[in-house]
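Scroll down for the structure; my scribbles are underneath it.
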Amino acid sequence: MKKVFERPKSMYPVSTHYCPGCGHGIVHRLIAETIDELGILERTVGVAPVGCSVLLYNYLNCDMYEAAHGRAPAIATGCKRVHPELVVFTYQGDGDLASIGTAEIIHAAARGEKITTIFINNAIYGMTGGQMAPTTLIGQKTTTSPFGRTSKDTGYPLRVSEILATIDGAAYVERVAVNDPKNVMRAKKAIKKAFKTQMKDLGFSLVEVLSQCPTPWRMSPRDAIKWVEEKMMPYYPLGEFKSPKREG
Amino acid sequence: MKKVFERPKSMYPVSTHYCPGCGHGIVHRLIAETIDELGILERTVGVAPVGCSVLLYNYLNCDMYEAAHGRAPAIATGCKRVHPELVVFTYQGDGDLASIGTAEIIHAAARGEKITTIFINNAIYGMTGGQMAPTTLIGQKTTTSPFGRTSKDTGYPLRVSEILATIDGAAYVERVAVNDPKNVMRAKKAIKKAFKTQMKDLGFSLVEVLSQCPTPWRMSPRDAIKWVEEKMMPYYPLGEFKSPKREG
Amino acid sequence: MGKKTLMTGNEAIAEAAVQAGCRHFFGYPITPQSEIPEYLSKRFPEVGGCFLQAESEIASIYMVFGAAGAGARVMTSSSSPGISLMQEGISYISAAELPCVIVNVMRGGPGLGGIQPSQSDYFQATKGGGHGDYHVLVLAPSTVQEAADLMMEAFDLADKYRNPVMILGDGFLGQMIEPVEFKHMSSTDRPARDWTITGAKGRAQNVVKSLYLKPDVLEQHNLGLHRKYQKMIKNERRVEAYLTEDAQIIIVAFGMAARIAKTAIKILREKDIKAGLVRPITLFPFPYQTLERVAEKVDNLLVVEMNLGQMIEDVKLGVCGKAEVHFYGRVGGMVPNYDEIVADVEKIVKESR
Amino acid sequence: MGKKTLMTGNEAIAEAAVQAGCRHFFGYPITPQSEIPEYLSKRFPEVGGCFLQAESEIASIYMVFGAAGAGARVMTSSSSPGISLMQEGISYISAAELPCVIVNVMRGGPGLGGIQPSQSDYFQATKGGGHGDYHVLVLAPSTVQEAADLMMEAFDLADKYRNPVMILGDGFLGQMIEPVEFKHMSSTDRPARDWTITGAKGRAQNVVKSLYLKPDVLEQHNLGLHRKYQKMIKNERRVEAYLTEDAQIIIVAFGMAARIAKTAIKILREKDIKAGLVRPITLFPFPYQTLERVAEKVDNLLVVEMNLGQMIEDVKLGVCGKAEVHFYGRVGGMVPNYDEIVADVEKIVKESR
Amino acid sequence: MKAPFYEDIILAGFGGQGIMFIGKLLIHSAMKEGRDVTWIPSYGPEMRGGTANCTVVISDEAIGSPVITSPHSLIVMNNPSLDAFEPRLKEGGVLVMNSSLITHKAKRKNISVIGVPANEIASEIGDKRVANMVMLGAYVGHTKTVSKEKILEGLRGLLGEEKRKLFEVNKKAFEKGMEFGKV
Amino acid sequence: MKAPFYEDIILAGFGGQGIMFIGKLLIHSAMKEGRDVTWIPSYGPEMRGGTANCTVVISDEAIGSPVITSPHSLIVMNNPSLDAFEPRLKEGGVLVMNSSLITHKAKRKNISVIGVPANEIASEIGDKRVANMVMLGAYVGHTKTVSKEKILEGLRGLLGEEKRKLFEVNKKAFEKGMEFGKV
Amino acid sequence: MIAINEELCKGCTLCVNVCPFHLIQIADRISSKGYYPAKFVDLKGKCTGCTLCAIICPDVAIEVHR
Amino acid sequence: MIAINEELCKGCTLCVNVCPFHLIQIADRISSKGYYPAKFVDLKGKCTGCTLCAIICPDVAIEVHR
């Protein structure tokens, strides 16, 4: 018998601090597999956000920065401009990227910065206990939208991939999910494509991942997956929003 | 004989500090005419940016804030949430809105904030002496892109209207120019429509104005106009990018 | 109200804001103060208030700018890194002379630091973390009750001086539960606000601004602000003196550290060491005179802080060489230990005999 | 180089950075320092450097964070409001112990204020405008030559302590032209940087971070930083003493104000009043000892600042009651007038007779 | 004149064991007796499990430090909590520990130890979730820090309308605990 | 031993009149004579016209204040500058004013006034833009602050390769001015 | 007929450019602000009051009568 | 065949959900971390090693052999 699935080498063999059923763990593994498969562990640099995944460097064993809230793309830019030969990625939540870090992500894309962003959209601020995010759905209850988000007062959830796809410097933008094995595999493909886009110097690349966040959603992990499918996907359609031009 | 054209009442009868041929003066007048025609001087509030038009309150005589650089939409939000009955507009340059204030404008739009933004895109930082803006064209020389902007190092100019049009909370987005009388009239119509969009509570509205900035462009006012037509318009096409849904 | 209820410090601060007539909140979540926005997001709909979670602390402080300029009672709250992001805005608000209340529930720093209680933002709050010559009026409660009381007063002080007022607490103050009673506000009248942005109806244009391109004009503006700060210094200094009358040694501490010091003082007095406490309640204006006075009566002061020595500079400025000033500080989320304070005091007393 | 040329302070600072081996600049335009980025946007292509105009000061300081973490000699520059926006980032850089150089060419504040020269960001620079217990090493040049010299040294100091170093100048220092000569750097060797982010090739992972969730660990981290600051205090205090030996009164001033004071001192000495100058060159660490020493010899000190009284607190902490400390300040872009300094000194001398 | 009453307690256990709740219940009840009270929690990224603790102070006088270096009493519900807090207990202090889950032994001799098989008792009562109330009962039964009446009054208040139906089982658990503590 | 040389000047005029340039030329030339120099400009949103001024200090010793309250000399090229700076001129100081454009009269008696029809002279020479050099010439001719040689050396340097062809007309203007100043 | 306010005019020439009848010229006199202002020269009364010049004027220096 | 690492498993049940042959169950034992871990019960050797369970596992607690 042969091992056909095991922990990727780019991951430390440790238990994570995430809630049971949290999507972060799946995405971490996909990044690690990508790094392993591309053989780039020794030249990959990650930038962890402020959010539940702030401790990402405890799980992936490439060189890493811990960013300030929202500023991962700026830090990645600083690093990439010093070491253009490295593969630099940021890993960011929806509070981090779509709220406080809006300017940084838009301008990293506009500059066509040769970095990759893995964007975890779980429609909430996980780390701080479940406040509303810019991606929180209409009607969704959070600790700061206790009666459900209304468009009257707070407008509409931001569709980050759609926005970034309008920007010339963004070479590759895709939205995926990790709700079932098929989509996990697609997410993996997208992440790999994003890294390759960077390695080919084609510009900025971003993969948005719809991710389950059971605890602050106040759901079981299974219900959380159902919620991703039934509520998130209709508003956040999966798919490739921008395709790298010269991808081989 | 009848006066068929005179200074609008909402403008102070003073000379401006702008360079000869600067587009700001034209847009100021269009806003004043709009305020006059809608009869809303007593309930209009403007928010001046940091940029050449920081002294806007010396020219328009409605109530006004002077914002910090990039933060006009946040200030307008604070005001509008206190006085929903007022008509609140921000007036912002491309450095102010498209660079440092990126997050604030995106989120004002996302919230569907009932404010109007007049966005002066002159492809440069006028106030501080002609540095590169996010809207500076490829090849354009500025004091911080002395050899001409290259996409390799700095990516591509941001198309703000196109970005904002993807956002649900933005009810009305149009790009106009003030290079000739016909376009000035169109710009006027757009500004009026934007104010009306706000007054009907339809959501956020923005008018992007391509504007000549002769001095830091190192051109005569006439050449500046030609440059708007020949260089800016092809990259920044005029037109309505988002139409208010229930506009009457 | 007028009835004692149990509340966390964060909740009490939020409810006090409601009681003080605050109806606008703009803020961004951050531990350990998120219960303030969370409370208000629930509570404001009952009273017709406007709760808005901003996209960032920067946006928050400028929404506060906008609402304050529009004449509203308005507040924001955050914790250390978020307050750092507000420094430009606080400078602008001070310059434009807008009344508002800013709550900082401090956590360990620098950088991302930690989320445990700290008093490491003393300098930032009192000396001005932003640019330019300006001052925020800083109030440092040490109990949940005092947090509620000072919070209510903060709005009045903000109005009185047209100046930002900061409530400076620590993570424990925000998270702990204690009894609290909301006193009826003596008056909810606010000073005239004819300078606010309301639409120029029947009057000339109002402008809320901070740019003065001519240096002589800007100097005059600064001198005007300076006179206001002098007025605060004259009128608003507050300090608690606890068992100072007969004291042979004085502990100086604010907020949570002061409470811990009180327990140490009880233990010390049981050991026949007459220790007393000076607890600055206003950190700006700082009660230098009280320090000067006690320094004339004792040979030693011990400053206790949840940082590595910040308020001690103000204490020294007050003491001005008239007594020895010692320091005991814990940092990074560690809180001072009253047994260690006792030991320190015993040592000082022994050595100075 | 080694030849005197005429340059503005801003240009000299920029060229000094190039000479010091700095090859990465991230910044955002603001008057009166935009000539620094402008110069480098022209100059860097010649030497293979990377100039990048960021979308904001916040992005700038975090690009600096990224580049410094990656091992580069890196800088940013701004002026007062922009520096306020960097406070969170400066706290993060200090916490993560990254070497970098930050230039603040100060203008009048608070708020948008004005664009004329000022020294109103003294507190922010020296006490820490960001959150947490941290310190930036602050250098205050008073001539274009010194700006260039200190700028070159700043990079070495940053490397030596793995700490941000700030060059604190004013608008006039940035705009004025003076002769400047670029000294050959004694050494361009940089200390080992085995902690930097370069890709984990042949070694374990490196992490650049500032979060320490456990308070005892964060306390240790803070104490480690504290020890570093103590080292700076021990080794890096710099001060110019000008005609202090026989002085009957001492003026204390830094940067531009100190130059103006020198002219006043010349005039005073012509009038047979023996005035001297203490000019702190490092503002953190502050040369308290020098002040203490001179305070033993004179009865009066006059602090001259382009603000409403900030460094005076440090002067008083140094003097510690041993002499009277007077103040003369101009603010908002107004610069001190040497004739007024002369008059003030004459008055003090007369009254103290 | 009686010496003024003063008591401080640290309560600790796993995240879901209801430690915070019984701490709050203590102060609610003690406040009803006219005393000053403080409750201070460990806090953090609570989302993600781990252990939790809180500190309660009850006093006739205004409370100084709400943070307690060496508490008079300790209620612990799992092994890590025992290990962490036992050394800090005051000499002569009271340690109430959940013997259903705690396999470690108390090490100190100069304290009173009360082992309570709280989970078993709770199971007997028919609701595993009320082990915390058993613990509280044992503590109150032993120390008499607050009266049973005030605890029940407090309980009713804290449960509120929605959870009114849980009152009886909690009450029962508390009473069982009290008996246990009195022994 | 000669007393160390010291001179300070304020130069002021409309934005486009070349005031900044002649200030810079002064310090370039003076530096070539081994002196310490400073030049400090008024600065601001220059884009948009208005008046401009700069302050020059030249000294044998290290220069203290580069900001001058009451200068020894004043070169002014328009009315507002005369109005603004005349009161600040030191007693006995030198005021060089462009009489082509300045219609106001100098008010003070305790100074030396040199009126220079700089625009006319420049027009005669054939280039309106060199009025500034006429003014500088008049000032240098009168005060001998720097030598003509160093001025011309400095001029060559400042004009650089691109504007080399303007050297002669500038030189001529300067010389005409010098003659005027010597009178 | 138009009236150009010389105190406001900055001589940018934009009006000169748009007048269909070339009725506006730049004066060779300097204004008190230091600009060469525009002047209206309509000897034959050709001005239709079309307002094009006023519409493009960045300094609202032109009033139009018809 | 799969191996579930109980030290890593948090009992989220996602693997239980995806196994086409229902070969994974939640144990009623508490792990040292306080979770009810998943256990692999494949008495009939039905496991195809399809890896679906491992792919969805957020805690990389499953190794698959084939």
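Letters A, B, C, D, E, F, G and H mark the chains in the order given here, with residues in each chain numbered from 1 onward.
Following the convention adopted for this analysis, a residue touches a chain if its C-beta (ideal position, glycine included) is under 8 Å from a C-beta of that chain, and two chains touch if they have at least 3 such contacts.
Predicted model, so just to flag it, every value in this text is computed and none were measured.
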Walk from subunit B over to subunit H along touching chains and report the minimum step count. 2
Of all chains, the one whose CA centroid lies most distant from that of subunit D is H
With centres defined by CA atoms only, which chain is the most remote from subunit C? G
Whole-Å separation of chain centres (CA-atom averages), subunit E against subunit F: 86
If you average the CA atoms of subunit A and of subunit H, how far apart do the two points sit, in angstrom? 26
Distance from subunit E to subunit B - Cα centre to Cα centre, in angstrom: 63
Would you mind pulling out the distance in Å between where the CA atoms of subunit D average out and where those of subunit E do? 55
Got the subunit B residues that touch at least 2 other chains? 18-19, 54, 66, 68, 99-100, 102-103, 106-107, 129, 134, 153-154
Going by the contact rule already set, what residues in subunit G reach two or more other chains? 33
Counting only residues that touch at least two other chains, what does the list for subunit E look like? 44-45, 49
Subunit H contacts subunit A in the complex at 1, 7-8, 10-14, 17-18, 33, 35, 49, 51-52, 54-60, 62-66
Sites on subunit D touched by subunit A in the complex: 24, 26, 50, 52, 54-56, 58-60, 62-72, 74, 88-89, 92, 96, 197-202, 204-211
The subunit D residues in contact with subunit B across the complex are 28-31, 34, 37-38, 41-42, 45, 51-53, 55-57, 81, 111-112
Name, in rising order, each residue of subunit B that touches subunit D in their complex. 50, 54, 66, 68-70, 95, 99-100, 102, 125, 128-129, 131-132, 134, 143-147, 153-154
Report the residues of subunit E in contact with subunit C in the complex, numbered from low to high. 24, 27-28, 31, 36-41, 43-45, 63-67, 69-70
